[in-house]
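Below, each structure is written out as C-alpha cells.
Shared chain: subunit A. Partners: subunit B in the first complex, subunit C in the second.
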Partner chain A sequence: MYAIEIENLTKMYGSLKAVDDLTLNVEKGIVFGFLGPNGAGKTTTILSMLGLIIPDKGSIRILGHDVLKEPIKVKKRIGFLPENATAYDELTAWKNLEFFANFYDFSKQEKEKRIEELLKLVGLWDVKYRKVKTFSKGMKQRLLLAQALINDPEVLILDEPTSGLDPEGAHLVKSIVKEEREKGKTVFFSSHILSEVEELSDKVGIIVRGKLRALGTLEEIKKQFMELEGYEIKVETKQEIPEIELPEIIRIEYPTRNRAIIFAKADIREELSEFLADKGITIVSLEIEEPSLEDIFLKTIYKR
Partner chain B sequence: MNVLNIAMKEFYTSVKSKRFVVILAVYLLFVFLIAYSIKGHFLELTEPQVSRTNLEPFGAEGDTYMTPLSAMLLLNFTFFTIFGAVMGAALGADAINKEVETGTIKVLLGHPVYRDEVINGKFFGNTLVLTITILMGYVFTIAFLLMMGVPLDGESFFRGLIAFIITLLYTLVFLSISILFSTIFKKSETSMLVSVGTAIFLTLIYGIIVTLIAGHLAGEMPPYGTPAFETWRENVKLWEQRLRYINPTYHYAKLIILVFSGDRITNAYAPLSEAFSFGFNNLAMLLVALLLPFAFAYVRFMTSELR
Partner chain C sequence: MNPFLNVAAKDIQESIRSKRLVITLAFFVLAGVGMAYWIKNLMMNLSVGGGGFTDEQLLSNAVRGNLLSSAKNFLAILSMLIGADAINREIESGTIKVTLGHPIYRDQFILGKLLGRAVTVMFGFAIFAVVSTASMLIIGIPTSSDVIFTFIKPLPFFIMFSLVYLSLGVLISTVIKKPSTAIIIAVIFPVFLEIVYPMLVSMIIAFKTISSGATSPEAIQEMVRKVYTFLMIQPGFHMDNINNAIFYGMTSSQIASAAAFPISLQAQAPPYLEALGLAWKNIVLLFVMMLIPFAFAYLRFMKADLR
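What follows is the complex of A and B.
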C-alpha cells in the first residue's frame, strides 16, 4: 500500500492551471522530495493533501483515506509543516505545543512528556516559557517542526522546511527527516534546494508549471534523463586516440590527444572498449559522466 | 472538546492582550466616573419612583422604576450601548483573517480539527471575554454602591442580571458582525476599521441619520399647526421606527428600558412577563442580528480556500 496516492489532481486559479492532472504515488517508509521552481504547484499540491484547497478534479488518499471524505482520520496520522507560517505569537513555545497536543488523545503525563521531548529535540527547551513573538525566524520554524511531530505521525508533510533557516537549523531539520525515515515513517517534503533533495530523498518528483516532469529514484531519473538527452562518456588512453566510428555516437570532443569526450545515444562503454582493444589501444579510464540533479532540474524547467 | 480547546486559547490570548486590558481599564474608569459624578443623586434617592427615561440617540424611551441600583445599572448599560458594541466589534474583527495572514490557520487545520470547530471556538472564546467584561462592570457597580452606603434591593439586582444577559446578547451581535467582516476582508486592519466603524455608526450616527432620512421620506413639511402637519409628524415617526428596526442598538436600548420598566399607578416595577411581551420582537430581532451574520461568516469560512 502507498502512503500517499494522488490521482489526476487538477487545480485552476482562474485561467491558470496551478496543478495539471498530477498523478503520484509515494511508497510507505521513504523520503519523497518534491522539487520544483517557485510557482510550480508544490504548495497547491500540498495544501490539497491537507484539504485546505479543494481540487477541481482528482483525488488524494493518504494511508488509504480520502483526504476530503475522511479529513480527521487522515490528520490524526499525519504531521504538517506549512510554508510561510508561524505558531501563535502570543503564546509561549510550551503553550503552543500544549494547544496542538490537546487535539489528540494524550493523557496529561503523555502530553507533557511528548512536549518536553520535542522541545529538547528542536533545541527550544531553554526558551520554553518565552513568547513566540520574541523568537527568531529559525526558532519559529523549529517550533513549527515540533508541532508537526506532536502526534508522532506516520506521514510527515513538510512544505519548504528549511526555508529561512540558518545552516544549523537546516541541519537539524535534515537530521530529523533522516531519523523519521529510520523509524519507518514516510516523509513528503517540497523544496527548491537541490542539494537538500539530493541528500535526503529516496525518490524525487519534479513538478514544473503544474505538471509532473520526472519521477523516480535519483538513479532512475538520471537514467531517464540520459536516455532522453544522451550519454556523456569520458575516455583516456595511453596512446593517441584514433578516430572512433560507432553508430550510437552523436559527436566527439578531443580535449587532448589521448582524451576524448563522447556524446552518444546509449551507454556504449562496452562497445567502445572492444573497439579500442581491437585497435591495440590501452584504456586508462573509461567513465560515464552522470548528470547532476541541478542539470536535470534546469533542463526540465526550461524545456517547453 | 476541540471547540473548548480553541475557545480557551482564544480567551487566554484575548485577556492577556494589551487591547483587552486597555478596553477594560477604560470601561471601568468610565463606570467609576459616571458613578462618582452622580453619587449625590443616589444618596437623595431615598424613595424609589417611576420616571421617564429617554434614550433619544438610540430611539428608545419608556417609564422606568428608579431605585439607586436600577438607576446606576441603567446608566451603566446605556454606556455599554456604545462601549459594548465597539468592544464586541474589536474582539472579532481579526478572528479569521489574522490567522490566514500569519499562516497559523494552516498550522491549526493541519491537526484533526474541523473548520466549524475553529469558528465556533473563536466565537465562544470571545463570548467568554465579553461575559467577564460585562460581569466586571456589573460587580463594580454594585461594589461602588455598597461602598457609598447606598441600599440595594433584590428586585433591581435580579433585573440587573436579566439586563446583563441582554447586554451580552447585544455585544455578541457586534462580535458576530465583526467575525463576518474578518472572513470577508483579507487584511485584519481593514476588517478592524470596518467593524469598529460599523459599531460607531450604528450606535452614534445612525440615530441622527434616521431622523434626517425619515423627514425626507415623509415628504415636504406642511405648515406648522395644520392637521396636515400632525399627519406628517406621525409619518416621520413611523419612518423613524421602520428605519430603527434594522439597528440592533435600538432593540437593545428598548429591551433595557423594558427590563427596568415601572408602573406609575403602583409606583413599582412592571411585571417582567409584561415587559417581555412588549419586548418580544426586539429580542427576536437581536437574535436574528446575532445569528444572520454568523451564519454568513460560517458559510464563507467553511467554503473558502486557505492558501
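What follows is the complex of A and C.
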C-alpha cells in the first residue's frame, strides 16, 4: 500500500492551472522530495493533501483514507509543517504545543512528556514560557516543526521546511527527517533547494507549471534524463586518440590530444573500450559524466 | 479535549488580553459615566422651584436608559471589532493552516472561534456593567436599588444582540482579506447603523412630513410609523424595544405614539414573561439577524481555499 496516492489532481485559480492532472504515488517508509520552482504547484498540491484547498478534479488518499471524505482519520496520522506560517504569537511556546496536543487523545502526563521531549528536540526548552511573538523566524519555524511531530505521525508533510532557517536550524530539520525515515515513517517534503532534496530523498518528483515532469529515484531520474538528453562520456588515453567511429555517437570534443568528450545516444563505454583496444590504445580513464540534479532541474524547468 | 472547545479556549486566552477590548471598554465606561453625570446635572437643573431634585424614580430611569444605551453601543462595536479578524487574521498569519493540519473539522473551527469571541465579549460586558454601576455610585448619582438589575434582566437579549454583531464581524472576516481593513469597517458599520442611521432616517422622514405641511396627530403617528419601519433593519431598535418592554412595559412605538416619554420614564417594570410577550417579534427578529450573517460566513468558510 502507498502512504500517499494522488490521482488526476487538478486545481484552477481563475484561468491559471496551478496543478494539472497530477498523479503521484509515494511508498511507505521513504523520504519523497517534491521539487519545483516557485509557483510550480507544490504548495497547492500539499494544501490539497490536507483538505485546505478543495481540488477541482481528482482525489488524494493518505494511508488509505480519502482526505476530503475522512479528514479526521487522515489528520490523526499525519504531521504538517506549512510554508510561510507561524504559531500563535500571543501564546507561549508551551501553550502553543499544548493547544495542538489537545487535538489528540493524550493523557495529561503523556501530553506534558511529549511537549517536553519536542521542545528539547527543537532546542526551545529554555524559552518554553516566552511568547512566540518574541521569537526569531528560525525559532518560530522550529516550534512549527515541533507541532508537526506532536502526534508522532506516520506521514510527515513538510512544505519548504528549511526556508528561513539558519544552517543550524536547517541541519536540525534534516536530521529529524533522517530520523523519521529510520523509524520507518514516510516524509513528503517540498523544496526548491536542490542539495537538500539530493541529500534527503529516496524518491524525487519534479513539478513544473502544475505538471509532473519527472518521477523516480535520483538514479532513475538521471537515467531517464540521459536517455532523453544523451550521455556524456569522458575518455583519457596514453596515446593520441584516433578518430572514433561508432553509430551511437552524436559528436565528439577533443580538449587535448589524449582526451575526448563523447556525446552519445546510449551508454557506449563497452563498445568504446573495444574500439580503442582494437586500435592498440591504452585507456587511462573512461567514465560517464552523470548529470547533477541541478542540470536536470534547470533543463526540466525550461523545457516546454 | 473537544476540538471546538479547544479552539474556543485558545481564542479566549488570546483575545481577552487584546488592546481592542481594553480600549473599547475604557472608552465606553468613561462615556457612559460622563453621560450619567450629565443627566444628573440636567435633571437637577430642570427641577421646579429650585428646591433641588426630588423624583428619584425619574432620575433612576433616566440613568438606566443612559446605561442601557451605552451598553448597547458598546456591545455593537466591541462584538464587531472582536469578530472582524476571527478568520482573516488566521489566514494572513498562516496559523489556520497549522491548526487545520490537526484533527479538527472546519465547522468546529469556526464555531469554536464564535464561542471564544462571544465569551470574550461577555467578559468585556461584565466589566463594563460592574465598572459603570460602581462609578455612578462613586460619583454620587442617586440610584434606586433595582439599578443592579439594569444589566441582569435583559442579559439574554444583550447576548443575542452581541451575537448579531459578532456574526456580522465574523462574516466580514471571511469576506475581507486584510484584518486592518476589516477592523476599520467593524468600527464604522455599527456606529453608522446604531447612531447615524436612526438619526438620518428620523430627520429625513420628519423633514418630508413637515415640508408636506401635515401637522395633525394622525400625520405625526404616520411619521413615527414610517421611522419605525425603516428602523426594523437595525438590531439596536429591537434591543431598545426589548429593554422598554422589560423596564417600562411598553414597546418603543407605544411610548412614542402615546407621546408618553416622561410617563414612560416613571413607569414600573411588568412581570418578566409579560414583558417578553410584548417584545416577542423583536426577539425573533434579533435571532434571525444573528443567524443570517453567520450562515453566510459559515458557508463561505466551509468552501474557501485556505492558502
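We take it that the second predicted complex is superposed on the first by the 304 of 304 C-alpha atoms of A that agree within 3 Å, B and C clash if a C-alpha of one lies under 4 Å from a C-alpha of the other, contacts with A are read in each partner's own complex, and residues count from 1 in each chain.
Assume contacts are C-beta pairs under 8 Å (C-beta built on N, C-alpha and C of every residue); 3 or more make two chains touch, one makes a residue touch a chain.
All figures in this text were calculated on a predicted structure; none of them were measured in a lab.
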Practice task
Evaluate whether subunit B and subunit C can sit on subunit A together after superposition, giving fit or clash.
Solution key: clash
Practice task
Name the contact category of A:Ile261: first (subunit B only), second (subunit C only), both, or neither.
Solution key: neither
Handout entry: Touching partner for A:Leu47 - first (subunit B), second (subunit C), both, neither
Key = both
Practice task
Answer with first, second, both or neither: which of subunit B and subunit C does A:Phe100 touch in the superposed model?
Solution key: both
Handout entry: subunit B versus subunit C as contact partner of A:Lys76, first or second or both or neither
Key = both
Exercise for the section: Considering only the touch criterion stated at the top, classify A:Glu90 as touching first (subunit B), second (subunit C), both, or neither. Expected result: both
Problem - Set of subunit A residues, in rising order, touched by both subunit B and subunit C - result: 43-44, 47, 50-54, 71-72, 75-76, 78-80, 82, 84-91, 95, 99-100, 102-104, 144, 147-148, 151
Handout entry: Residue ranges of subunit B touching subunit A (in the complex, touch as defined)
Key = 1-2, 5, 9, 12-13, 16-17, 102-104, 106-107, 109-114, 305-307
Completion exercise
Listed in rising order, the residues of subunit A that touch subunit C in the complex are 43-44, 47, 50-54, 71-72, 75-76, 78-80, 82, 84-91, 95, 99-100, 102-104, 144, 147-148, 150-151
Exercise for the section: Please give the residue numbers of subunit A that touch subunit B in the complex, ascending. Expected result: 43-44, 47, 50-54, 71-72, 75-76, 78-82, 84-91, 95, 99-100, 102-104, 144, 147-148, 151, 157
Completion exercise
Interface with subunit A, subunit C side, in the complex: residues 1, 3, 6, 10, 13-14, 17, 93-105, 303, 305-307
